[in-house]
Amino acid sequence: MSDTVPNQPADSGMVSEYKVDGPFWGALKRDLLLSYRRKSDLVNPLIFFLMVATLFPLGVSPDPGFLADVAPGVVWVAALLATLLSMDSLFRSDFEDGTLEQILLSPQPLYMVVLAKVLAHWMLTGLPLTLLAPLLGVMLFLPADGMSGLVISLLLGTPTLSLVGAIGAALTVGLRKGGVLISLLVLPLYIPVLIFGSAAVQGAVTGLPLGGYFAILGAMLSLGLVMAPLAIGAALRISVSG
Amino acid sequence: MPTPRLKIENLFCERDDRVLFESLNFEVNAGEVLQVEGQNGSGKTTLLRILSGLSRHFEGDIYWQGESLDDCAQDYRESLLYFGHQPGVKAVLTPRENLHWYASMHPAIDLAKLDYALEKVGLSGYEDSACHTLSAGQNRRVSLARLYLSSAPLWILDEPFTAIDKRGVAEKEVLIAAHAEQGGTVILTTHHELAMGDKIRRLNLDQLAGTL
Amino acid sequence: MAEKKWMPRWFYQLASPRWCYEITGKLLPIFAIAAVATLLVGTVWALAFAPADYQQGNSFRIIYIHVPASILAQSCYMMMAVAGAIGLIWKMKVADMVAKACAPIGATIAILSLATGAIWGKPTWGSWWVWDARLTSMLILLFLYLGIIALNSAIENAQTAAQSTAVLALVGLVNIPIIKYSVDWWNTLHQPATFTLTERPAMPSEMWVPLLVMVIGFYCFFAVAMMLRLRNEIIQRERRSSWVRDLITG
Amino acid sequence: MSFESFAEFIDMGGHGLYVWLSYAIALIVIVTNIVNPLMHKRQIFIEQASRLRREKPKS
C-alpha cells in the first residue's frame, strides 16, 4: 500500500505533523489500537482456547497415550472454536457506532480496508493462538516432533479461518443474534482447514514429509486472500443496506 | 442549463409493507441547501441513506453530475461527506485519533486544519481524551469537525444538530451557508428551525407517501 | 432504457414475476404427471424387476433412492447458488425467489440421501453410520443448506435476506469442491479403501436403466416442488400488485 | 420379476426392513415437499384475502 498524502495541505510546513495513512495502514493501526485499549477482547479467546483443551483430559481420559493420539485434533478444534468465538465482534462495534457506514462510503478500496481488518483480527487472535499452541501441545502430551508441524500448520491455517469467519461476521453484522448464526454458517466451511491442519500435525508426529500439507494449507490461504475480501465487502454492503 | 449536480428520477422505495415515496423527482444544484422534511417515519433517513449510496433498496435513478451513480461510485464517494444517525466515532479513541482515521479513509479531509476544527466545535482541550469520557453531544461534534476539514462538495447530513447547543447550531448554519456559497451542495434533515430562511429549499416527504 | 420513459415503473417491476407465475402454472401439471409416472415406473421396476445384487442382495435396491437423492441434493445446491448469483448481479427478483425455494427442498433431499445411506450401511457395513467420504460430504452439504436456511430466516427484509444468502451460497459453492476433496483425502487416510457404496464395477443395464428412470423422476419431482414454492413466494412478494389481488379475490 | 412370491417380495431376502424403510422415508420426503407448499399457498390466500377485506373500507 502506498502511504502517499492524497490531499496535500496548503500549509506544507504542517505535513510532517499530520501524516495521513493509506486506507490499509489506517484501518490496521486503528484496529490494533482499539484492541490494545480494550484488552479483554484480546485475552478472552486465548483463555477459551486453553479451557477447551483442558476439557478433553477431564472429560475423556487423562491417559498420556490417548491424549497424545487426540492432541493434534483437539488443539486444532480448540483453535477453530476460539477463532469463531472472536469473530462476532469483528464488524459489530463498527456497525453499531456508525464507523462501518463511513468505511463503506469511503472512496478507498473496500478490499484493502477489509483485508486490513482481517489481518488485525488475525494478529490479535490467530497469531497469539499459534504462539500458545505449543503449551497446549505439552499439556496434551503431543510428541515433541509434532510441535513444528503444529505451529506451522496453525500459522498457515488460522489466517484462512479469520478470512472465512469474517464472511460470516459480515453477513450477520446487522442481526441481533448473530453469534450463534455465525457458527452455523462458517463451521462447515472450516472443515477443509481442520482436516489438513490436524493431518499436518499428525504427519509431523509420525515423521511424514509435511510439504504437501503446508502446500495445501497455503493454497487455501491464497484462495482465501483473493476471494474472501470480495465476499466480505459484498456482504457488508448488503448488511448495511438492509 | 448545466447538468444538475444531483438528479433524482422516479425514486421508489418501500419499507415494511409501506411505500415511503414513489415517483420522487428532484434536482439539487451547486450552491444549494436542501432540507428534507417530514414526520417521523416519513423516510427522511431512508432517503438520505439512498442518496449517500448506503441503501440500495430502491428503484429509480440517481445521477451525479449527469452520470448514473452506479457508473461513478468511486467519484461520488470522493465527493461526498455523509453524517449519519450514528456519528461514527470510536469511543475508546481520542477525537484526534478518530479524525486521523477519517483522513486515512477520506482523501478529501485536510488534517492541517485539525486543531482549528476541534477548536471550532468546542473540543479544544479534549483532543487527547478518549471519546467515551465525553458527552453524547461532544461525540457528535467530533464527527461534525469533519465539516471544517473536508473539501467534499456534497454534504449529506442526517440530523446534524441533535444534542448540539444553540450557539453550536448557529455556527454550523454559518458553515453550511458558506459551503453553499462556495459552490457546495448540502442535503440535510433537522428538527431545528434554521435561521437561514430563504436560502434553503425544502422537500416535504409527507405529501409523497402513498400506497400502491 | 428508452421504454422506461413512457412505461409505468410498476409494469417493469411486476412483469417478470407475473409472467413467471403464469408460465409455471402451465408447466406444473406437465412436470407433475411426468414425476408421478417416472417415479411409479421407476419404483416398481427397482423393487420388483431389477435383479438383486450378487454381493449385497436385495438391500441393493436402496440405491434407486439413495443415488438419485444424492445427485439431486448436489444439483439443487448448484441451482440455488447460480440463481442467487443471477439475483445478486442482475437484481432479478425471480432469481432470488428461485434460490429461496431451492434451499428447503435441497435440505430435505440431503436428509433423504443421508438416511438411505445410513439404512443401507446397516446390512452392508453392519453399522448405521460409517464415516464414508460420500456420506460425510453429504452431511457437510446438509450443514451448508441449514446455514443458508438459518440466515434466510434470520433476516427480515426479503431483499437483504436474498442477497445475503446468495453471497453465502456462492461462498459455499466455491468451497464444495475443496470440502469434497479434503473429505475424500481424509477418508482414504483413515480408512483403507474398502467396499464403498456407489463406486462399483460397471452395472448391467437391467440395473442402471431403472436408476436412470428414478433420477429423471427425482428431477421432475424437484421441478414440481420448486415451482410450487416459487409460486407461493411470488404471491407473497407481489401481494400488493393488482394481479395478485385479482387472483386472490377472483 | 425377480421374486417368486409376494411374501418373498416383502422380505427382500432378509433385508426387507432396510429396503422398505428407505422407500418409506423417500415417500415421506416427497409428499411433504409437495403438501407443504400447497398448504402454505392456502394459508397465503386466506391471509391475503382477509387483509384485502380489512383494507377495503379505507380505500
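Per-chain residue numbering starts at 1, and chain names A, B, C and D are given in the order in which the chains are listed.
By definition in this document, a residue touches a chain if its C-beta (ideal position, glycine included) is under 8 Å from a C-beta of that chain, and two chains touch if they have at least 3 such contacts.
Note that the structure is a prediction, hence the values are computed from the model and not measured.
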For this session: Taking all protein C-alpha atoms shown, work out their mean, then name the chain whose own C-alpha mean is nearest to it.
Result: A
Exercise. Farthest from chain C in C-alpha centre terms, which chain would that be?
Worked result: B
Seminar exercise, completed: So, in whole Å, the Cα centroid of chain A is separated from that of chain B by 35
Exercise. When the C-alpha atoms of chain C and chain D are each averaged to a single point, how far apart are the two points in Å?
Worked result: 16
Exercise. Roughly how far is chain A from chain C, going centre to centre by Cα mean, in whole Å?
Worked result: 33
Exercise. How big is the gap, in whole Å, between where the Cα atoms of chain A centre and where those of chain D centre?
Worked result: 44
Problem set entry | Sites on chain A at which at least two other chains make contact | 241-242
For this session: Could you tell me which residues belong to chain D and also touch two or more other chains?
Result: none
Exercise. Got the chain C residues that touch at least 2 other chains?
Worked result: 157, 159-160
Problem set entry | For the chain A and chain C complex, residues of the former touching the latter | 164, 167, 171-172, 174-175, 177, 181, 184-185, 187-189, 191-192, 195-196, 199, 220, 223, 227, 231, 234-235, 238-239, 241-242
For this session: Could you please specify the touching residues of chain C with respect to chain D in the complex?
Result: 39, 43, 47-52, 57-59, 61-62, 65-66, 69, 104-105, 108-109, 111-112, 115-116, 119-120, 122-123, 221, 224-225, 228-229, 231-232, 235-236, 239, 244-245, 248-249
Exercise. Tell me, which parts of chain B touch chain A in their complex?
Worked result: 52-57, 74, 77-78, 80, 82, 84-93, 97, 100-114, 130, 151
Problem set entry | Residues of chain C touching chain A in the complex | 88, 140, 143-144, 146-147, 150-151, 154-155, 157, 159-160, 163-164, 167-168, 170-172, 174-175, 178-179, 181-183, 185-186, 189
For this session: Would you mind writing out the residues of chain A in touch with chain B in their complex?
Result: 6-7, 9-11, 14-15, 18, 20-23, 25-27, 30, 33-34, 37-38, 93, 96-99, 101-108, 113, 237, 240-242
